[in-house]
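Two complexes follow with chain A in common, the first pairing it with chain B and the second with chain C.
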Partner chain A sequence: MPQQTAGTPTYQQKTTSRRPAGTLYRGREGMWSWVLHRITGVAIFFFLLVHILDTALVRVSPEAYNAVIGQYQTPIMGLGETALVAAIVFHAFNGLRIILIDFWNAKYQKVMFYVVIGLWVVTMLAFVPRHLTNVFNH
Partner chain B sequence: MTTATITPPAVPEATPSFTVTLMIRRFNPEVDAEPHWQDFDVELYATDRVLDALHKIKWEQDGTLSFRRSCAHGICGSDAMRINGRNRLACKTLIKDLDITKPVYVEAIKGLPLEKDLIVDMEPFFESFKAVQPFLVASTAPKDGKERIQTVAQRERFDDTTKCILCAACTSSCPVFWTDGQYFGPAAIVNAHRFIFDSRDDNAAVRLDILNDQEGVWRCRTTFNCTEACPRGIQVTQAIAEVKQAIMRGKP
Partner chain C sequence: MSTTIEAPRSPYARAPRKRGVNWEKWGWIYMRVSGVVLVVLIFGHLFVNLWLGEGVSALNFAFVAGKLTNPFWMVWDVLMLWLALIHGGNGMRTLVNDYATQPLTRGILKWAIFASVAVLIILGTLVVFTFDPCPAGAPADLLPSFCSAL
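Entry: the complex of A and B
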């Protein structure tokens, strides 16, 4: 293609970036609530898996069980518990939102998403300070 | 007596035009292994549409640019594409509604096999559409042998889902459909809804049975991408929820 002289406004520039992936789909409240619901759901599943395994340890030997449960008293696990409660609270409230969308009315899904976030914040405000004082003072 | 002053004929003000950069995701199956982005500068008016920009590129700059369009007025549903990360009809997206200080990203809709540039293989989409029997099935003869009478309320029941133009903007905006091509997708369910809730139709039970499937309505995760994407403003997720409820009731 011949080089265009300056002043020719609209000619194609042969380029450019080879970004194989397309752009990220820009969904809105509904899509991001679903993404969060999935992430928290998978996280809760893995917690439950570990939780069943550590509880099952009592069948192996009570000492092993006590040792593992003792690990849960450390501050790092305390912070992990905060994350776990955060995930469960969101998953629970958003689950109620999804039930209402399917069986009541899909029109209010955006409002309901912000209500879920609000309820999540309120619940966490009530839980986190008390929980963290327990974790770091005992 | 006053002398009439001759006012000079008003010179029409030139409509301002803007240089808009379009980033288009190109793919030529005969040359490229992977799609790639290419940018074009186009001189456009605020009232132009993205489709006009694509025409200008195709007619004046690069004739190899491939895309579908037919009526160019939002009726045929040929030119659904992903514009700035959202599924839109190119013929209904005005330049004035886009942020032209940044490039406008245009790419093919997602989840269907890419054929060339902005063209995808729509066959899987239409297969799902056909599978829900999108036509009137009436096993009884009409009263008086003439018309099938319907009240205004009965017609209103499925009015929203009659608006579908099968552009695939909804189905290809669905995160479930991207990863699971077997899912019927919003468009097929919308068109099933249109006949399930039609009082003249006698085959609702069959359609509800078809959609009462792992790959049917239960795959819907209510992300509302379809509702946001629909160029006709159909409340797609609401329609899917109504079909879910109809399946649980066992009747429309």
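Entry: the complex of A and C
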């Protein structure tokens, strides 16, 4: 977009991409929860496509399915599953936060973001040590 | 080229729609309703497959065969399949609407999203309802234990 140069200074000139004005949203909890919701959503969607295809191998043969699920049991994929569960748990709790903002009260959105982070930490503490034990002890 | 920027908070110039189904509204409602159900379905799926027992290292054909011959897990998995793919496809559609500016790009991307969602829903549903836990000629040690009773 060309810069506006003519005329008296307006707020459009003072407000640049480097220096936003008139917003409390940008760069705060609301923006980061939105960014994370989109990134985790895309990641989960592409995993879902792959996961349905690999599960469909049960219809091909037991050997084909076991060969692919064996890949899910390797250390590298075990770390990938940790990242996947981290993304799912954030997306799930933040999705519930969005519903509460829509149907309950938007003024608690900020505190609810920190509740989401807290619940995410608790859930990951319950999952990650146990999962990594299963991955690296077999 | 000069660009005119409307004053903030000026009302829509577009006339309000009068007839027809408001699909965007139903999509908005669908994301919230399916989201709540998916939290239960996917947390349950992860709990049973990754947390109970030996987790991911216990997964194999016999494990899946045990689940996909149980009507409870068949309904669970098919519900998860449909709800999650439509939820994810609609979410991807939102991103395309936000970030793809060329009409052709938007058209191609939305068509690709729709096609992959439709194909995988059909494939997944067929797999669940035509599944054979004891395929003929397969080695017995790869099959669930109930196959030897047949």
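Note that in this section the second predicted complex is superposed on the first by the 112 of 138 C-alpha atoms of A that agree within 3 Å, B and C clash if a C-alpha of one lies under 4 Å from a C-alpha of the other, contacts with A are read in each partner's own complex, and residues count from 1 in each chain.
To be clear about the criterion, a contact is a pair of C-beta atoms (placed from the backbone, for glycine too) under 8 Å apart; a residue touches a chain by one contact, two chains touch by 3 or more.
What you see is a predicted model, and the numbers here were worked out from it, not measured in a lab.
Novice: Report for A:101: first if it touches chain B alone, second if chain C alone, otherwise both or neither.
Specialist: first
Novice: Is A:31 contacted by the first partner chain B, the second partner chain C, both or neither?
Specialist: first
Novice: Quick check on the superposed pair: does A:109 touch chain B, chain C, both, or neither? Answer first, second, both or neither.
Specialist: Touch partner of A:109: chain B, not chain C.
Novice: In the superposed model, does chain B or chain C contact more residues of chain A?
Specialist: C
Novice: What is the contact status of A:54 with respect to chain B (first) and chain C (second): first, second, both, or neither?
Specialist: After superposing on A, A:54 lies clear of both chain B and chain C.
Novice: For A:88, using the defined touch cut-off, is the partner it touches chain B, chain C, both, or neither? Pick first, second, both or neither.
Specialist: Touch status of A:88: second partner only.
Novice: On chain A, what residues does chain B touch that chain C touches as well?
Specialist: Shared contact residues on chain A (touching chain B in one complex, chain C in the other): 12, 98, 102.
Novice: In the complex, go through chain B and note every residue touching chain A.
Specialist: For chain B paired with chain A, touching residues are 19, 25, 34-43, 56-57, 60-62, 82, 84-86, 105, 107-108, 110, 173, 175, 221-225, 227-228, 235, 237-238, 241, 244-245.
Novice: Considering only the defined contacts, which chain A positions touch chain C in the complex?
Specialist: 1-2, 4, 12, 38, 41-42, 44-45, 48-49, 52-53, 55-56, 58-59, 61-63, 65-66, 69, 72-73, 78, 81, 85, 88, 92, 95-96, 98-99, 102, 126-127, 130-131, 134-135, 137-138
Novice: Show which residues of chain A lie in contact with chain B when the two form their complex.
Specialist: 9-20, 22-31, 33-34, 98, 101-103, 105-107, 109
Novice: Can you list the chain C residues touching chain A in their complex?
Specialist: 1-3, 5, 32, 35-36, 38-39, 42-43, 46, 50-51, 54-62, 64-65, 68, 81, 84-85, 88-89, 91-92, 95, 116, 120, 123-124, 126-127, 130-132, 135, 138-139, 142-143
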